[in-house]
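You will see two complexes here that share subunit A, one where it goes with subunit B and one where it goes with subunit C.
Moving on to the complex of A and B:
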C-alpha cells in the first residue's frame, strides 16, 4: 500500500442504471500525475467518456472530486469540484463549490465519486462510510434544493450529513442547471442537467474516518504561517471578510468594466445602490465561512421591507449582483437577493440565468422578441418584477422559459434576426461578470480556455488591480498561460480562488508547492508541479480537441470582438479579431500547441506523458 | 485562568476549531473526535458553536459516581476538564449532567470527550478567524461581549443621526 498524506485512497462508482456501487483504489500514479480535484476529473472523463456522446445521455459521466487538502485545515479546504461533459459547451467542464461536501466525502473515505448510467426512476444515494445504498427519490423529485436537503436530513436522522442535490431546473434539463450542497453551488456549465438526465436527485454523504498528514508539527508550522498572512493581507484579512466579493462591484464600475445591460455598456449609473457597502449596511445579518476558511466572504442577508421582504439568502455574491443587477439594469439589491435565493432553490447558475435574461431583455427592447413571445412580460431593462417571473419560468421551462433554458447561444440560434450578437457567450457559456474587452490578458485567456465564458480559467484579478497593465497587449500570452496554470493547480489541490493573492496571481509558486508537499509528503519540485498543471490543462484540451475543438473555436463573444466599450474610463477598448489571432499565435507557442490547428503537438503530449492522447489526436 | 470562552454571535461557522482540535489531540483530522462543535440548522444554514465552559463548580464532576471523580476541572491551568481514563466507568452521567451539552463521546476510546484547553494553550483559538473563541478568565469574556454590545448600541444611535 502506497502512502501519501491527505488522500482517502479510494474512488466510489455509482452505477445508476443497475443501482450498484463499487470502489476502486486510487493509484499512487494517479495521485502523483494528476494531484486531485481538477486533475482527477479530467483523467476520469478523458478515459471513460467517448467523444461525440450526448452530454445528457446515459453515456456521459459526472464526477465529484476532492483534492489532497480536503478534510484538513489548510485554509479554504472546504472546496471541491464536479466534472462532466457540459450540455452547454459540449466540452470538458469543471465547477467548484465551498461548504463542507468535499471534506465529508474524504471522511467517508473517497477522493472521488463517479456517477454513471441512468436510473429508470428518480433516485438518491446514501453514502455512510463504506455503506452505500440506492433509494427511491419519488418523494423529493420536484422539490427545491433546500426542501430536498431538509427532508433527507430529517428522514435519515443525520443532521451532520452533507447533501449534494439538484432542483427542479436540473430535473427539467435546464442547460445551465447546477449542483447545490448546503447553499453553495457548483454553479457553471449545466452539471445539474447531467444529474437530472441520470435521474439522480441527491447524494447524502456522512463520514467518520480520519484524514491524515505525514508530519503534524511541520503541517502546523506551514499552515499557521499561511493563516497569519491571510489575516494580515488587506484583501483576505479585511476587505473580503467585511464586504465579501460584492466589494468588487464599485471597483469594476470605477474602471469602467462592469457589464451593464447585457454588456451594451460597462458603466452602471446606479452602482452605489447595488454596491458591497450598500449590501453591508442594508441587508447583511451575519458573516459565514465555508469549512476551514478564515476569509468568510459569504454574507447572510435578510430583506426587511418592500416587495421582497422576508427574503433570507446566503449571498448574493459579486457575480450574482452583476448578473441580475447591472447587467439586467436592475438597481435593487433586495430583488437580487430574492433572485439569488430562487436560483439556489431552483438549482440554476446565477451567472448564466442572469445572462439569458439580459439577452432576452435586449432582444425585447430591440424589437426582436415581441410581448406576445415573452408571455406578456414587459422585459425592459430594469423591470425587476418581470425578471423574477422570467427566472421562475426558466427554472421550470415554462413558456418562453423553455427556450431560454437552452442557454443564450442556442436561444439566439433559434430566434435568429441578428440576435446572435446579443448572446454574449464564449464557447457556448455565458460570460461571467468580468470584462474581456477591458482586460486584454484575461480576454485571451478566456478565448483559449477550456470552459470559455468562465472567469475561473484565466483570471482578471492581476489586471484589475493593476499588477499587469490591462490595456496593453505586451506580455499577455504569458499572462494567460500563467493565470491558467495557477488556477489549474488551485483547482486540483483544491483551494478557493479567494486565496489567489496569497498563492500568487500570475503563476505557480512555492506557496502552492509547500502546501502540496506538507499535506501529501510527495516532495515535488516546482518544475514537477508546473508539469502537473500543464498535464491537466493539456488533458482538458485533448478532451475538447477530440470533440472537434480547433483554433477557430478559440474566440471571444461577437460583441467583444466588434463593439468597443461605448463610454466611461475604458471607452474604446475591445478585442478586434486580428489582435486576438496575433495573441493566439504566441499563446500556442508558449503552450506547445500547433498554430494551425490549435491541437497540442505530439511532442507536448509525449513530454507530459499523455501518450494515449497523442495516439487519439494523431491517428 | 485559562478557559476557552465563546462569543457565539461572532462565529462564522467555518469549523476550523473542529479541525484543529482533533489534530492536536489525535494527530488526525476528524470532526467526530473534536471536543468543540458547531451545530448547523435550517436552510440557509445557521450555526452555533459549543464547547466546555470550564465551570467553576462543574455539574459533570458533581454527577460523576466514581471515587476519585474521573472527570475533574484542571486547576493547574484554571480551566478545562480532565478524565481519569483508568477510573472512568464509562457511564455517561457527565454527558447527562452538562447544562450546555458540551461533552461528547470518543468513538474509538469509548470515553467522555471534553475540552481540556490543550493544557493551557488551546489550539482552536489560534485559528478562529472572527475571534469567536477567546482564551482567558470569565472577565475576559464579559469585557469582549460588552464591547460587541456597546458597538451595536452606538450603531443604533448613528442610524438615528443619518435619518
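Moving on to the complex of A and C:
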C-alpha cells in the first residue's frame, strides 16, 4: 500500500443503470501525476467517456472529486469539484463549490465518486462510510434543492450528513442546471442536467474516517503561517470579510468594465443601488464561512420590505449581482437576492440564467422577440417582475423558458434574425461578469481556456488590481498561461479562488508547493508541480480536441470582437479578431501547441506522459 | 495649494466613514503623499485595508486620477496631482 498523506485511497463507482456500486483503488501513479480535483476528473473522463457521445445520454459520466487537502484544516479546504462533459459546451467541464461536501466524501473514504449509466426511475444514493444504498427518489423528484435536503436529512435522521442534489431544472435537463449542496452551487456548465439525465436526484454522504497528514507538527506550522497571512492580507483579511465578492461591483463600474444590459455598455448608472456597500447596509444579517475557512466572505441576507420581503438568501455573490442586476438593467438588490434564492432552489447557474434573460431582453427590445413570443412578458431591461417570472419559466422549461433553457447560443441559433450577436457566449458558455474587452490578458485566456465563458481558467484579478496593465497587449500570452496555470493547480488542490492573492495570481508558487507537500509528503519540486498543472491542462485540452475542438474555436464572443465599449473609462476597448489571432500564435508557442490546429504537439503530450492522448490525436 | 476630491470604493468607504472627501494638497503633491495624508486622517484601520501590516507593503490595487490608472505595485506613485483632480481608490482584493 502506498502512503501519501491526504488521500482516502479509493474511488467509488455508482452504476445507476443496475443500482450497483463498486470501489476501485486510487493508484499512487494517479495521485502523483494528477494530484486531485480537476486532475482526477479529467483523467477519469478522458479514459472512460468516448468522444462524440451525447452529454445527456447514459454514456456520459459525472465525477465528484476532491484533492488531498479536503478534510484537513488547510484554509478553504471545504471546497470540491464536479466534472463532466458539458451539455452547454460539449467539452470537458469543471465546477466547484464550497461548504463541506468534499471533506465529508473524504471522511467516508473516497477521493472521488463516479456516477455512471442511467436509472430507470428517480433515485438517490446513501453513502455512509462503506455502506452504499440506492433508494427510490419518487417522493423528492420535483422538489426544490432545499426541500430535497430537508426531507432527506429528516428521513435519514443524520443531521451531519452532506447532501448534494439537483432541483427541478436538473430534472428537466436545463442545459445550465447545477448541483447544489447546502446553499453552495457547483454552478456552471450544466452538470445538474447530466445528473438529471441519469435520474440521479441526490447523494447523501456521511463519513467517520480520518484524513491523515505525514507530519502533524510541520503541517500545523505551515497552515498557521498561511492562516496568519490570510488574516493580515488586505484582500482576504479585510475586503472579503467586510463585503464579500459584491465589493468588486463599484470597482468594476468605476473602471468601466461592468457588463450592463447584455454587454451593450459596461457602465451601470445605478450601480450604487446594487453595490456591496448597499448590500452590507441594507440586507446582510450575518457573515458565514465554508469549512476550514477564516475568510468568511459569504453574506447571509434578508429582505425586510417591498415586493421581495421575506427573502432569505445565502449571497448574492458578485457574479449574481452582475448577472441579474446590471446586465439585466435591474437596480434592485432585493430582486437580485430573490432571483439568487430561486436559482438555488430550482438548481440553475445564476450567471447563465441571468445571461439568457439579458439575451432575451435585448432580442425583445430590438424587436426580434415579440410579446407574444415571450408569453406576454414585457421583457424590457430593468423589468424586475418580468425577470422573476421568466426565471421560473426557464427553471421549469415552460413556454419561452423551454427555448431559453437551451442556453443563449442554442436559443439564438433557433431564433435567428441576427440574434447570434446578442448571445454573449464563449464556446457555448455564457460570459461571466468580468470584461474580456476591458482586460486583454483575461480575454485571451478565456478564448483559449477549457471552459470558454468562465472567469475561472484565466483570471481577471491581476489586471483589475493593476498588477498587469489591462490595456496593453504586451505580455498577455504569458499572462494567460500564468493565470491558467495557477488556477489549474488551485483546482487540483480544490482551494477557493479567494485565496489566489495568497497563493499567487499569475504563477504557481512555493505557497502551492508547501501546502501540497506538507499534506501529501510527496516532496515535489516546483517544476514538478508546474508539470502537474501542465499535464492536467493538456489533458483537458486533449479531451476537447478529441471532440473536434481546434484553433478556430479559441475565439471570443462576437460582440467582444466587433463592438468597442461605447462609453466610460474603457471606451473604445475591444478585441479585434486579428489582434486575438496574433496573441494566440504566441500563446500556442508557450503552451507547446500546434499553431495551425491548436492541438498540443506530440512532443508536449509525450513530455507530460500523455502518451495515450498523443496516440489518439495523431492517429 | 489646491484641492482634490478623493472617492473611496468598497470597504474603504467603511474604513474612511465616507464615500468621498475633499482634501487640500500642496503644490506638486504626489499620489504617494496624498495616501500618507489619508492614512493619517483616517487612521490605522484605513491603513490596514490598503497595506499589509506585517510587511508594510501596499496591497495591489488601482488608484485612478481622473481616468488615468495608477497601480500601487507597478505604477508611478510619484505622479503629481493638480488642483481639481478626482482621485478614486479602488478595492484591493483578490478573488471575485
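Operating definition for what follows: the second predicted complex is superposed on the first by the 619 of 619 C-alpha atoms of A that agree within 3 Å, B and C clash if a C-alpha of one lies under 4 Å from a C-alpha of the other, contacts with A are read in each partner's own complex, and residues count from 1 in each chain.
As a convention for this text, contacts are C-beta pairs under 8 Å (C-beta built on N, C-alpha and C of every residue); 3 or more make two chains touch, one makes a residue touch a chain.
Everything numeric in this text was worked out from a predicted model, so none of it was measured.
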Ask   = Is A:254 contacted by the first partner subunit B, the second partner subunit C, both or neither?
value = second
Message = Is A:209 touching anything from subunit B or subunit C once the two structures are fitted on A? First, second, both or neither.
response = first
Task = Mind working out whether A:174 is in touch with subunit B, subunit C, both or neither, as first, second, both or neither?
result = neither
Key: Partner chain(s) touched by A:242 [first = subunit B, second = subunit C, both, neither]   = second
Request  = Answer with first, second, both or neither: which of subunit B and subunit C does A:361 touch in the superposed model?
outcome  = neither
Query = Is A:466 touching the first partner subunit B, the second partner subunit C, both, or neither of them?
reply = second
Message = Which partner chains sit in contact with A:498 here, subunit B, subunit C, both or neither? Use first/second/both/neither.
response = second
Key: Residues of subunit A touching subunit C in the complex   = 228-229, 232-240, 242-243, 245, 247-248, 250-251, 254-255, 275-277, 280, 297, 318, 434, 460-462, 464-470, 496-502, 505, 569
Key: Residues on subunit B engaged by subunit A in the complex (per definition of touch)   = 12-16, 19-20, 23-24, 26-32, 39-47, 107, 126-127, 129-130
Remark   = So, in the complex, the side of subunit A touching subunit B is made of residues 71-73, 78, 100, 107, 146, 149-150, 159-160, 182-183, 208-213, 216, 219-220, 224, 227, 231, 241, 286-296, 300, 312-314
Remark   = So, in the complex, the side of subunit C touching subunit A is made of residues 7, 9-11, 13-15, 48-54, 59-62, 64, 67, 69-75, 88, 90-96
